[in-house]
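Two complexes follow with chain A in common, the first pairing it with chain B and the second with chain C.
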Partner chain A sequence: MINPKTQNKIAIGTLYGVAGLVVLILMALLGYILISGLPQLSWHFLTAPAKAFLKGGGVGIQLYNSFYLLILAMLISFPIALGAAIYLYEYAKDNWVTTTIRTAIEILSSLPSVVVGLFGFLFFVVKLNLGFSILSGAFALTFFNLPLLTRSIEDSLRTIDTTQREGGLALGLSRWETVTRVILPAAVPSILTGVILSAGRVFGEAAALIYTAGQSAPALDFTDWNPFNISSPLNPMRPAETLAVHIWKINSEGIMPDAKAISSGSSAVLVLAILLFNFAARYLGKRLYKRLTSA
Partner chain B sequence: MFLSNDITQNTEMLDRHVVQPADPQHPTILSTEDLHVYYGKKEAIAEGDLRFASNQITALIGPSGSGKSTFLRSLNRMNDRIATVTGRIMYRGVDINQPDIDVYEMRRRVGMVFQRPNPFAKSIYDNIAFALRLRGVTDKHALDEIVETSLKQAALWNQVKDDLNKSALALSGGQAQRLCIARAIAVKPDILLLDEPASALDPVSTSQLEDTLLELKQHYSIIIVTHNMQQAGRISEYTAFFNQGRVLEYDTTSHIFTNPQVQVTSDYVSGNFG
Partner chain C sequence: MKSTEQLEQQLKRHSKAAKLEIWGKVVSFSALLLIVAVVVAIIGFVASKGLATFFSNHVSLWDFLSGKSWNPGVTDAHGKPEVGALPMIVGSFLITILSAIVATPFAIGTAVFMNEISPNKGAKILQPVTELLVGIPSVVYGFIGLSVVVPVTRAVFGGSGFGILSGTCVLFVMILPTVTSMSVDALRSVPRYYREASLALGATQWQTIYKVVLRAATPGMMTAVVFGMARAFGEALAVQMVIGNAALMPGSLVDPASTLTSVLTTGIGNTVMGSLQNNALWSLALVLLLMSLVFNLIIRLIGRKGRLQ
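On to the complex of A and B.
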């Protein structure tokens, strides 16, 4: 029998060890990606279009596509997720309907993204005849994102104390007024953090996009902002390979001579972007919260 | 002054003793008739029949779980969706426990302050002004004036008048609770319901809060739940003693404390249980 003090020490030591190992692996991974990728980065690399057979292609269009898809997917999924979360947390009674919805969300959120992608291919691309397009991709990303975002917003609402709701009702506000004027403003920092974090996930998603937004990045004319023109960056019906899909594609079938370098560079860009999302989420969340709670 | 019988100490104590206030200077402003409250099938209030005198402070005391909060929250329909409330709640001749009552309007007439201070994550000014804005008071001068008078009545004005745009979440507990009172009275209620408003406050803030309530009763009729018997004794004219979902004794505070007619009340106010 070891005494409690030693036991405690061993437990803490083990926990530190495990945590340290995880951090170490993460650092090694990040370090490897950044060390091999950062030297590839240049203005040219970030802006030039890709080349299929020759050296010296960039990822400009893929990078742009990633952001455009992200924004579209967020524009579609955020209002739906917000509505669903408000309904589930603020209005729904605990009955079988709510339970069913929650279970559905649970299942959706655990679907492998490649399954979401195949569903998107069959439904949006083929059935609705949207083709390999930004729109198909955005819908697939919405399916991928919706459950997680709904849960994250619901969690944000949960952090607002019930006494706040009672405070609103006691002043003669309706439930809707209480939610929109008291609860949502107070939950904004936490909701924002959740949205940015999910944006990071969406940004790095590849499997859901391969068969929906497609694997080709037609040349874009950045002077043409008419969304109906095929080479317009805004056109939602064009196929749009994203950065994450690009990495996957180069590694599986890239035939340009500098495929390895481009893949490393793209990975570094992706990782940097996602890190940026994460830090932005923390920073903005904290700042907003401070602004709400102090002077 | 009261319908009370002559007070002669009964050796045989009653099991129930309710004397409704009947002071013509302070006519009844709110009364409950045959009030029952159920959480699901569980009955939390069985027959509450109380009349509340206007511009007086009525204290609701009793052991934890005796139904004080349940009763109080029924008075402004805060138990809608949570509990089933049957019986009548008469306010100015209207039964406000009917389904077709405009609950939102009614709650502005019957304000409520909670146990834990719950200022909104807004500026001090907006905590008070935003409910008014929602009801169409948009004139800046009018709003300024209401904010100022409410804060003055809640005895908070002098401490915050230079910080009106600061977040209310930075206030101390006692200040936050005063802000909640100011917020409640800004919509001009008749009645203020307070559920153990001082239980989260330190002794100094508590005593300041009591002074404020004594001031406020000139303008509002106050019903306050408290677990602090000294507090009930210090500030209230009437006291109702709750036990196991029933009002066992209701009378002037001095009678309840000096001459309780029910054994359980006597035990409770002398600190023998609860």
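On to the complex of A and C.
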């Protein structure tokens, strides 16, 4: 039997070691992504279209597709998630219906994204005949995003003090008016933080997209903004490979000679975008909170 | 003078605010119903497609679950199609369990360090880093696995470098931040007076951590680990990039193998809708879906048991 004090020292020393090792692994990971990726970045890389067989291609179209899909998916999923969260937190009674609904949302959030993607393929691409298109991809991303966003908005509503609700009701406002006029404005900063963080997840999602938005990026004509033309960047019916799908695609079947350099660059772009989303979420949340509460 | 009828009508009619209230309630409830409908539709569609292998193509469930050769386009000596999913099922489970076994001590150790030993350093360095890493897209993990882990495995163990071992390494790093941050939450929910009481009794810091804090946080930690396993089990692209994609029973950890998700991602685009090859893949998707339900159930059970104590 070792002296408890020695034991204590050994154990705490080990924990320092474990934590240090984990920091090392995580730092090495981030370092590798940025060090191997950043040198690849250039204006040309970020804007030029990809080349299938030659080196020197860029990721311009993929980057644009990622943002376009992200915005569409957020536009579809935000109102639904907001409504669902409001009902769940402000209206739902604590009974078996609510429990069942909560279970369903939990199940949706734990489904592997590839299953969500396959369902999107079956339903939108094949059944509704939308083909591999931005619209199918946006719907698949919506399903992927809904449970997370609903939960984060519900958490935001939870942070608002009950006295605010009582105040609204005491003034003779209906429940709905209390929610839309009193609770939501107060919850905007933390809702926004949640939305931006979930945007980061949607931005990097690939498995749900390979069979819904497709794996090809047809050339776009950035001077044509008529959404009904096939080469228009706004056309929602064209197939659209995103940046994350591009990384997967060129690593599993790419034949361009600089596939590795392009993947490094794209990975760095993805990680930088996620970093940006994280900082933006924190900064905007704080800024808005200050402005709205005059604190 | 208003007649009594008019007055009655006026009183019984909903006011503008009441109409708005009903409207709001209906709209927000339909949004919720839509989510439930999506869940039902996903389960229904995948199940109907996945069960077609057994009902339309008359493959026996036992052959599917225990067969060792996966080649749905080919029929074996008895005239039955070769749809043995065992190699993929074993691959998925092996890679999930191994990565959880490796990740758990690291995650819990780090969480304890962040929350109990050095909260300052934890909050300043580890917290932001783990939060950022939770958000890194899985393809990026796959790409790093492909360009770092696979060559290292190849150099050390020989062979192609693709296989269960590389997959485990990638998943280990991938689920580490998730499990760590959830474990931190579990530790944080242990009341402060537990620690104070233990230290006041003369226990050392390690004794307090090991005998009091960790015991109290066990349900939360288990939830964290199961959550990580669910994520590892369902991960598709990162695994597909490093596992080698050979639908064979894994002979060793460095032989190319495959998982449910890797076969799905590579196969579903190359088969014709409604054919046996395609239906068999949907059956794999159904297995994946059922497993995610099982993980969900386990998390629920742990939560219920943890509450009783």
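Everything that follows uses one rule, which is that the second predicted complex is superposed on the first by the 270 of 295 C-alpha atoms of A that agree within 3 Å, B and C clash if a C-alpha of one lies under 4 Å from a C-alpha of the other, contacts with A are read in each partner's own complex, and residues count from 1 in each chain.
The rule is short, and it goes like this: a residue touches a chain if its C-beta (ideal position, glycine included) is under 8 Å from a C-beta of that chain, and two chains touch if they have at least 3 such contacts.
The model shown is predicted, which means the values in this text are computed figures rather than measured ones.
In the superposition on chain A, A:Asn226 contacts neither chain B nor chain C.
In the superposition on chain A, A:Gly167 contacts chain B only, with no contact to chain C. In the superposition on chain A, contact of A:Thr180 is made with chain C only, not with chain B.
After overlaying the two complexes on the shared chain, residue contacts for A:Pro79 are found with chain C alone; chain B is out of touch. Annotation for chain A, partner touching more residues between chain B and chain C: C. When the shared chain is aligned, chain B comes close enough to touch A:Leu292, but chain C does not.
On chain A, the surface touched by chain B in one complex and the surface touched by chain C in the other have residues 173-174, 177 in common.
Residues 17-18, 20-21, 23-25, 27-32, 34-36, 38-42, 45-46, 49, 105-106, 109-110, 112-114, 117-118, 125-126, 129-133, 135-140, 142-144, 146-148, 173, 176-177, 180, 204-207, 209-210, 230, 233-237, 240-241, 261, 264-266, 268-269, 273, 282, 285, 288-289, 292-293, 295-296 of chain C are the ones touching chain A in the complex.
Only residues 76, 78, 104-108, 111-112, 114, 116, 118-122, 130-131, 134-135, 166-167, 169-170, 180, 183-184, 187 of chain B touch chain A when the two sit together in their complex. Across the complex, chain B is touched by residues 161, 163-164, 166-174, 177, 181-182, 185-186, 291-295 of chain A. By the touch rule above, chain A contacts chain C in their complex via residues 4-5, 7-8, 11-12, 14-16, 18-19, 21-23, 25-27, 29-30, 32-33, 36, 79-84, 86-88, 90-91, 100-101, 104-108, 110-116, 118-119, 121-123, 126, 143, 146-147, 150, 173-177, 179-180, 197, 200-201, 203-207, 210-211, 244-245, 247-248, 251-252, 260, 263-264, 267, 270-271, 274-275, 277-278.
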